[in-house]
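Labels for the chains are A, B and C, by order of writing; each one numbers its residues from 1.
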Amino acid sequence: MGGAGFTLGQLAAALKTTVDGDATRVVTGVASLEAAGPEHVAFVADGRYRRAALASRAGAFLAADDVHDLPAPVIRCREPRLMLIELLHLFHPPPTAVPGVSAAARVASDARVHPTAAIGALAVVGAGAVIGPGVHVHPLVSVGPAAEIGEDSILHPGVVVGDGVRVGRRVIVHAGAVLGADGFGYTWDGAAHRKIPQVGTVIIEDDVEIGANTTIDRGTLGPTLVRRGVKIDNLVMVAHNVEIGEDTVIAAQTGISGSCRIGRGVVLGGQVGVADHITIGDGAVVNAQSGVTSDVPAGAKFAGSYARPVVEHHRIWVAEARLPEVLHRLRALERKLEELTKGE
Amino acid sequence: MGGAGFTLGQLAAALKTTVDGDATRVVTGVASLEAAGPEHVAFVADGRYRRAALASRAGAFLAADDVHDLPAPVIRCREPRLMLIELLHLFHPPPTAVPGVSAAARVASDARVHPTAAIGALAVVGAGAVIGPGVHVHPLVSVGPAAEIGEDSILHPGVVVGDGVRVGRRVIVHAGAVLGADGFGYTWDGAAHRKIPQVGTVIIEDDVEIGANTTIDRGTLGPTLVRRGVKIDNLVMVAHNVEIGEDTVIAAQTGISGSCRIGRGVVLGGQVGVADHITIGDGAVVNAQSGVTSDVPAGAKFAGSYARPVVEHHRIWVAEARLPEVLHRLRALERKLEELTKGE
Amino acid sequence: MGGAGFTLGQLAAALKTTVDGDATRVVTGVASLEAAGPEHVAFVADGRYRRAALASRAGAFLAADDVHDLPAPVIRCREPRLMLIELLHLFHPPPTAVPGVSAAARVASDARVHPTAAIGALAVVGAGAVIGPGVHVHPLVSVGPAAEIGEDSILHPGVVVGDGVRVGRRVIVHAGAVLGADGFGYTWDGAAHRKIPQVGTVIIEDDVEIGANTTIDRGTLGPTLVRRGVKIDNLVMVAHNVEIGEDTVIAAQTGISGSCRIGRGVVLGGQVGVADHITIGDGAVVNAQSGVTSDVPAGAKFAGSYARPVVEHHRIWVAEARLPEVLHRLRALERKLEELTKGE
């Protein structure tokens, strides 16, 4: 990857920084410390990776100011993770789709597609849908009737956007994700489960990213709401009427039940389950595989199923290992005491 | 939503009930108590929501007979949840697909599509498949060779129905669900895992609903069987040879391993795992995130991983929190007893 | 199924074995012991199924040499599971796709499709992609630009193969699986999560099978790597930079976080979660629903969340049930001891 080569000097200039060492050296790509060869620049996040860097065959490094004595020239930076992003964009400029509607797409006559948008082959855009400027609808995507896709958003192959769903700007939806399937709501009429029509919608605000095969159901009456900057991994389930606050991060295979309120800047680990109608406060962290069955205060760290504060959970987990021993010691005590009492 | 307006009197007449208050008031939609404005009718499930109703700006309420003194006219009803369904259908009549096969669909010449069925753009119907009356096959759906879809069923975009799979009447399959992928079966031949051909099928009976991106694998020799009225949420896994009894409800991200027998009227919470060859009796309830590794009797309530009766699980969960304390108290007892014995 | 009939003699000849009993009997299919009728041959894996075989109505059996006195003719075999595979192939020969590109597929002009490959209706093959000999691309599949699909592989409907992803030979990818969505990587810049470009790829080696709606993300810089013979069930999540060793088996709904190294011949049960950067040694077994938060040695058996050695986990699980009792006994001891001390 990254067929075009740059000198380290060119890279440093583009990144507005400096080089320690031979600025004329040419590199053709970015690689991990382990995989890098002399043609690569490798990334040293911080001093903990210095040992790996010393063993690396990389032709150059991208490293923070405080990582010294590396075995190849170094592009220096204050915030290596942010600069890595810039560096990757230099070698891998984001693909630009050719604007226009593929002849093999099926776009309803009354859908409004901005002339700068790209609609791929075998994509379907329903009646009254609105596709904004710079949007990229990949092949085999379904955008339902009256749905709206905001500026510069990307819908990867196989994405399904339901009727009337609204997607903001710069949103990335990965392959196979489903936005706006019916929420799971029934009432028993004495003989059968009767389906409660799910007539709400889904609203995805700006700068959200949604993982592959994730599902976000439409609200029963109002919207299921994913706020600005939320990042959701693959195979996540967001049920009807949920609201997820800004900049919250949700790892893979987590499930959020109906009508939950997830705060801002929350982190949910992978495979977490949240029961219905739960509130999770701003900035809370819930460890992977936890089951949240009561509200979590802002800033709290929870773990376990049913989830407790993480410190308490860990103490219990450690103590658990001694449970079989506890049973033995208890029996021993009881015997001793019995003997003592008998002796009296 | 619900652009057309109705007077409360019109609504009450349609619902065969009465209005307390001004029957000439016009409402244009249904909303939650929190979101409702004067143009909405809001739903008061029971007396527990009375406080929220008092604070609501709704122009009217749908409420049970025993909820009094609401701040706007009330459409009265015996069973508010069932009547809510009727009310929602008035404002949001289910979309009716235009019968016929899209010119952009690909239907095998020997498939039989009923003239009242609708086949959307870029849908594929395989050789010998049968599409019943009133069926709605959305865009980008694949119906495999020899599959059968019963009357009035709906296949949402991106659904895949495998070869020979049979879907009953009034079944709703949400986007991205896969019916009839191969079951997961191998045998080790000493050098490699050899695939056991999965030549069975999937049978979905009438009135089943299947969530987005859920997968139901075909049986090894016979069918994987989902009986009448079963409701399955998103991202659920049903493995080969499973049988699920009538009216059972399965929440999101639950997985049922091969050859399980799930009874009638069972409720499986979200993210439950059921080991292979397990039987769960009629009417049993398994809490979210449980891991079921032994049979569950009819009517039992189970929880935990490995699941136990829910009462026992809860007692343990409460006692667990005192485990670190138990260790301290045990040590204290041992010391005391040691001193006592020494003293003798 | 299996419309064509065979005599038991014909079957035994094809399987290079013998018949005990009437070799002229005709059977038309394979069925389970429970479902079989006189027209079926049923499979008796070993002596444990003898009782079920005695109750079966099957017209013939496929059974190991040491299962005696069955109520119908028996096709004898050393390794019944392996011979079942041969038998099933006789009745259900794997479907052979007609080579060629469907007129309704969209194949980029510079993609290279081998003349023996079959590309189904409404499939999309991107620029520069390579489709090998005998490959079967089903309808509604997206093969991204520069992706490569090796000889005799099968991509079922709705599969998405991302840009540049490489799939080996004889790989089976079930419906809705996504290979090569972006890994989940961000860095906080003080105001927002900034996306780290995921410029690596996915490499799937030969003889791998991937379940329906499973997702395998592309690496950040290098590949996510699934080695020869790995079998992955439905709805599994494999995160970026993971490497999975040969012949490893992963059950449904399991999630493997970023940069894990899973060894050869490992078995991960269903709904397992593996934290990031974990190493699981060759031949290890991790029970269903476990949460793996530390490295697992080769050959170890782990269970629980957080996972421990399975023997320890089971002892704790058994002891847990006595926790409420422990609290009572502890209190009783304390009282007794108090009285004793008081008495002095």
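Just so it is clear, a residue touches a chain if its C-beta (ideal position, glycine included) is under 8 Å from a C-beta of that chain, and two chains touch if they have at least 3 such contacts.
As the structure is a computational prediction, the values presented were derived from the model and not from experiment.
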Angular offset of chain A relative to chain C [C-alpha, multiple of 5 degrees]: 120
Interface sides of chain A and chain B: same vs different residues, half threshold: different
Chain A and chain B: spacing of chain centres that average the CA atoms, whole Å: 25
Residues of chain A touching at least two other chains: 122, 140, 158, 176, 213, 235, 253, 271, 305, 320, 323, 326, 330, 333, 337, 340
Complex interface listing, chain C residues touching chain A: 106, 122, 124, 140, 142, 144, 158, 160, 162-163, 176, 178, 181-182, 184, 186-187, 189, 192-197, 199, 213, 215, 217, 220-222, 235, 237, 239, 253, 255, 257, 271, 273, 275, 291, 305-306, 308, 312, 315-316, 318-320, 322-323, 326, 329-330, 333, 336-337, 340
Chain C residues touching chain B - in the complex, by the definition given at the top: 1-2, 30-32, 35, 43, 79, 81-82, 84-85, 88-89, 91-92, 94-95, 102, 104, 120-122, 138-140, 156-158, 172, 174-176, 207, 209, 211-213, 229, 231, 233-235, 247, 249, 251-253, 270-271, 288-289, 305, 317, 320-321, 323-324, 326-327, 330, 333-334, 337, 340-341
